[in-house]
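Following this line, the structures themselves.
What follows is subunit A paired twice: with subunit B in the first complex and subunit C in the second.
What follows is the complex of A and B.
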C-alpha cells in the first residue's frame, strides 16, 4: 500500500512541473511591456523604471527568473501584480483562496448524496412514472448551463418574489443561489451515473442470490447494491470536481463573489498575468490533489487496483 | 426517381430506423437538432433586421410586433441576433468536432495499433492534458493568444481531442486481436489500409455516439467562455454573450437573457437527447433497459 501511495504522489510531480513551466512561459508571452503600462504617465522616469524592473525581477536572465519563480511558488509567493504596482499576488488572491474551494466542496458534499438518492430511486422504480420524472429533471439539469439557469433563478427568487438577494457574499441568504446553481448540474450528473450503475448491479447474480435467500429489500439495497455502485462513482469525483471548478468561475462572476474564479476573469481583462497564472496554478494543484485523494481512496476500497497498479 | 423512392422506403423500414423511431430520446432529440440546424443554416433569411444594426432610438424595446423578442442595450433586434447566434454556435461546434476527430482518431489509432514509443508518447500527452481542469486550459489559451472565435476553437479542440484519442485507442485495442485483422496482416495488407478500411468502419458507431454527445458539451463550453467574456467577441452575437448582457438588466428588461437562455437550453437538450438515443441504439448492452 505504501509503495502505491508513493507512486501516485510522485505521479503528481511531472504534472505540476509542466503547469509551472506553462504558466511561466505564458507570463513571458505577455503582449506589450507590463512595466511601461505601470509607469503610464511617468514613462520618462528612468530611475523609477529601473526600480520597478528590479522589483519585478524582469532585469534578470530568463533562467534565473524561472528558478526564483519556482522558489517563490514553493514558499507561497506568486510574484507581484501587474495591475496594482508592487502588490504581491498572494495578498490579492488571499481572500478568494478559501471561498472557491469551500464552495466547490460544499456543493459536492450536498450534491453527492442527493444525486445517489435520486439515481437509486429512479433505478429501483425503473420505467415507472417516478423514473421518467426523475430522468426528465436530470436531462434538464445536465443540459441547461448554470448561467442560463441563473437567469431564471434570479428572475423568480430575487426580482419577482424578493426572497433572496440578487448578488453579494457574506450572508447565508447570499450563498443559497450560488450553491444551488453549483449543486443542480452536479447532482444531476451523479444521479444519472448512479442510476446506470445501480441498474447494472441489480442485474448481477449476487443480488439475485440475496433476493432468493430472502434478504429484506432495504438491507439488500443498502448493504449489497449501493456499496457496489460506490467504486465506479468515486472514480468520477475528479471529473465532477473539474466541472464544479468551472462552475465557480461562472457563479462567482454572476453573483459578484470575491473568489478565485471571478478574480481570474477580472485579471484576464486587466492583463494582470501574474494573478491569472497564480490562479491557474492553484486550481491545477487543487484538482490534482483531489484526484490523488480519489485514486488513493478507491485503492483502499478495491484491492485489485492496488495490486494491479491501476487499470487506466 | 422510383429507385430513389424505394431506397428511401427501404431505409425508413429498416430495423435501425424502426428502433430509432421507437426511441423517445432519439426522436425528440432529432426533432430539436433538426430545428437548430435549420435555423443555423437558413435563419439568416428570416432575420427581420441585420444582427449588428445599432439603433439608439429603440433601446430595450419589449417584445412586440415590431421586434418579436425586443431589442438590447444598443437597440439591436434580439430575434435576429438569436437566429445568427445559432449559426455561430454550430460553426464553433462543427469546427471543434472536425479538428478533434481528425487529431483524436488519427493519434488514437496510431497509439492503439502500433503501440510502442508512439503509444507511450501520445498517451502521456493525453494524461497531462487530462490533469488540467478543462476551463483552466481554455483560460490559459485565452490569456496567451487573446480572446475571440479562433481562441474558442483552439482552446476547446485542445481540451477535447485527448478524450477522442483515448476512446479510439481502446476501441482499436479490442479489435486488434480479431481474426480478420490477422488475416489482413498475413496477406500483406499495408498498415494504412488496415487502419482505414478494416478498423475505422468497425469503430465508427461508438465514435458517432461520442460526437453527438460531444456537440452538447461543446455548445455549452463555447457559451460558457462567451458568457465569461473570453469567447466570441462583439458584435458577433452568441447566446452566452447575450445572456451575460441580459443578466445585468434582468430587473427591467428580462427578455434578452430569458430568450437567449431558452435558445441555448433547447439546443443542448436536443443534442444530449439525440446522443442518449443513439447510444441506446448502437450500444446493445446499454440499450436493454
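What follows is the complex of A and C.
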C-alpha cells in the first residue's frame, strides 16, 4: 500500500510540471504586455518601462525566466505580483487559500449526502410522483446557470425578504447564499448519477436474493445497495470538485468573497501572470490530491479493488 | 408516516429561516450601537495607500480623504486655500512662495510645517521610492532632474524660509503649481524609507488610515484634530465590491450609504424610479474625442474631410441610445465644472447633407476613392466605435471597419502615434482646463495621441503657462480651443455624467466633476 501511495504522489510531479509549462506559455501567448498594463498612460516613458521590465525580470530570455520560476516554486517563492507593488504572490494567495478550498469542500460535504439521498429516494420510488418531482428539480438545478440563480436568490432573499446580506464574507449569513449556489448544481448532478446507479443495483441478482432472504428493506438499502453505488459515485467526486472550483470563480465575484476565485479573475484581467500561474498550480495540486484520496478510498469500500494488488 | 416526516421537515425548515432572520436582525442592530462609519464601495483593491507611489484612480478616492495639498476644490469646482493660506509668484512666474496654515496637526500628532513639504517632494523624486502620479508635477522644480538621476537626495529648488514659509524655484515658468493635487506627508513617516511610508497614516486630512483587509475593505477613522470642518461620521469604510451590480444591490439592501455607480450598473439605476430619485449627478472632468491621425491616413489631411466626419455624428442620438442619456455633447475640449470652461462654445451640429457635400468637395463623393480605414478602441468602448463606424458608413459611405484591441497594447500604440482613427478620453488630474489642452493637444506632449500640430495653438498654450492672472489665462484657453475646433483638429464627442447614490438619511455629500469631495462634510441622520 505504501509503495502505491508513494508512486501515485510521484506521479503528480509530471502533471504539475505540464500544468506550469502550459500556463506559462498561455500567459505569453495572450495579447497584452503586463508592463504596458502597469504603465497604462505612461507607456511613452521608455526609461520607466526599461526599469520596470528589469525589476520584474521580464527582459531575460523566456527559458531563463521559466527556470528561475521553477526554482522559486520549489522554495515556496511564487514571485512578486505585477499588480500590487512589492507584494509577494504567496502573501496574496495565502489569504484566499483558507477560503476557496474550504468553501468547495464544505459545498461538497453537504451536496454529496444530499444528492445521494435525493437520488436514492427517486430510485426506490421510481416512476412515482416523488421520482418525477425530484427529477424536475434536478434538471432545473443542473440547467439553470449559476449567475442566473444568483440573481434570483439575491433578489428574493436579500432585497425582498431582507433575510440575508447581499454580499461579503465573514459572517454565517454571508456564507449561506454562496454555498447554496455551489451546492445546488452539485447535489443535482450527484442525485442524477445516484439515481441511475441505484436503479441498476436494485435490479441485480444479489439484491433479489437479499429480498428473498427476508432482509429488511432499510438494511438492504444501506448495507448492500448503497455500498455498491459508492464506488462509481466516488469516481465522479474528482470531476465534481473541478466543477466546484470553477464555480467558485463566479460565486466569489458575485458575492465579493476574497478567495482564490475572484483573485484569479482580477489577476487575469490585470495580466498579473505570477498570480494566475500560482493559482492554476494550486488548483491543479488540490484537484490531483483529491483524486488520489478517492483512488485510495476504493480499497476501503470494495476489497476486490485493493489497488496495486490483486483484483486488477 | 411519510406525511408526518415531510411536515416535520417543513416546520424545521421554517424554524431555521426564522432563526437566521432573528440572528441577522440582532447582528444588524448591534452594528448600529457601535461607531457609525460611512459605508461606501470601491471597485477593486487600491494599488497602494501611500501618497508617494500613488498612481491609480481607486487609491485616489481613498487618499483624497487622508491627505491634502496646498489647495482644495469647493463643491462648485473652484479653488480654495487648504494647507497654504496664501501664495505669491516669484518674478516671471519662475516659482512661488507659499505661506502655510498654522496649527495643522498631522495624524501622527506633529505640527505640519515647511519641512514636511520639502520631505514629501524629495520622497517623490528619489528613484528607489517609485514615485507615482504626483512625481510628474515636480519636473518643473529646480534640481528635480538631479534627484531623479540619483545624483543627490535633496531638492535644491525648495527653500524652507521658516516653519510656515516655503519658496519653490522653477527651471521654467508654471503658473498652475498651487493647484496641483499634492498629498503632503508628515516627514517622520519618511524616516524609515519606503518601508515606513507604505503603511503609515501620516497626512493632515479629515480621516486617518486604520486598516486594509485585502479583498474586503479599507477602513478610515476620523481625525479628531483636523484643522478644518471635523467629520461628523466616526469613520469611512470602503468595501471592495468588484461587481457594479452587486454594489447597487447592496445599496438597495441598505448595506451601503453612498455608492459611486460604475458603468455596468448605470442602466439599472436609471430604470429603477426609487434609485433614480436617490441619485446625484454631475458631469465628469473628462473629455472624450475622436482622434484622427493625419500622418497615417491621407484623407485626414484635408480639413473638409475632418469637418465632414464631425458633422455626420448625431451625438444626441448616440447619448440617448447607448449612454442612457447620461452624457452631454461636448463643444470644445474643456468640460463644464473645470476652470476655463467656455460656456458659449456650441457643439458641432449634426448635418448629414452638409457633411456629404464637404466630402464630395474634398474629392471623395459618396466615399469613392477613400482607402479603407479601421476605427479602433478597447472593449469598454465597443458600443461607441460601433456607432461611429455605422454612422460614417451610413451618412458618408466611408469604408470604416471596427477593431477592438486589448487595453495595454492599445495605450502603447496610441502613445507611439500608431493608431490612425480612435475615440478616447482624458480625465483631468488637476482642476484647470490647461490639463486637457496641454496634455492632449499641445504639439510636443507625449499624450497627443492623434499627433495634431498647430503652431498658433502651441504658442497660445505656452503663453498661458506664463499667465498667472486667471481671467486672462482662461481667455487664452478659449482662443486655443476655438482654433482646435475651428480647424476640426478633432471631433469633440461627449462628456460623461457621473451618477452616485445616497441613502435618504445621508446629508452633505458633494459630487463634483472630480468625483466625491472628502467625506468630512457628510452626516448620517
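Quick notes on this structure:
In this text, the second predicted complex is superposed on the first by the 257 of 312 C-alpha atoms of A that agree within 3 Å, B and C clash if a C-alpha of one lies under 4 Å from a C-alpha of the other, contacts with A are read in each partner's own complex, and residues count from 1 in each chain.
One rule holds in what follows: a residue touches a chain if its C-beta (ideal position, glycine included) is under 8 Å from a C-beta of that chain, and two chains touch if they have at least 3 such contacts.
If you're wondering where the values come from, they're calculated on a predicted model, not measured in any experiment.
In the superposition on chain A, no contact is made by A:181 with either subunit B or subunit C.
Looking at the shared chain after the overlay, A:233 reaches neither subunit B nor subunit C.
Of the two partner chains placed by superposition, only subunit B is touched by A:29; subunit C is not. Of the two partner chains, subunit B and subunit C are each touched by A:253. Once the two complexes are laid over each other on the shared chain, residue contacts for A:273 go to subunit B alone; subunit C is not touched.
Residue contacts after overlaying the shared chain place A:159 against subunit B and subunit C alike. Of the two partner chains placed by superposition, only subunit B is touched by A:14; subunit C is not.
Shared contact residues on subunit A (touching subunit B in one structure, subunit C in the other): 31, 154, 159, 166, 253-254, 265. Within the complex formed with subunit A, the subunit C residues making contact are 17, 20-21, 23-24, 27, 44-45, 47-48, 53, 56, 130, 198, 213-216, 239-243, 246, 249-250, 252-253, 255, 406-409, 411-412, 415-416, 446-447.
Within the complex formed with subunit B, the subunit A residues making contact are 14-15, 18-19, 22-23, 26, 29, 31, 126-127, 139-140, 142-145, 147-152, 154-155, 159, 166, 196, 199, 241-242, 245-246, 249-250, 253-254, 264-265, 268-269, 273, 276-277, 280, 283-284, 287-288, 291. Taken in their complex, subunit B has these residues touching subunit A: 128, 131-136, 139-140, 142-144, 146, 216, 220, 223-224, 227-230, 240, 243-244, 246-247, 250-251, 254, 257-258, 260-261, 264-265, 268-269, 272-273, 276, 286, 289. Contacts from subunit A toward subunit C in the complex involve residues 31-37, 39-41, 43-45, 83-86, 92, 95-96, 154, 158-159, 162-173, 176, 253-259, 262-263, 265-266, 271.
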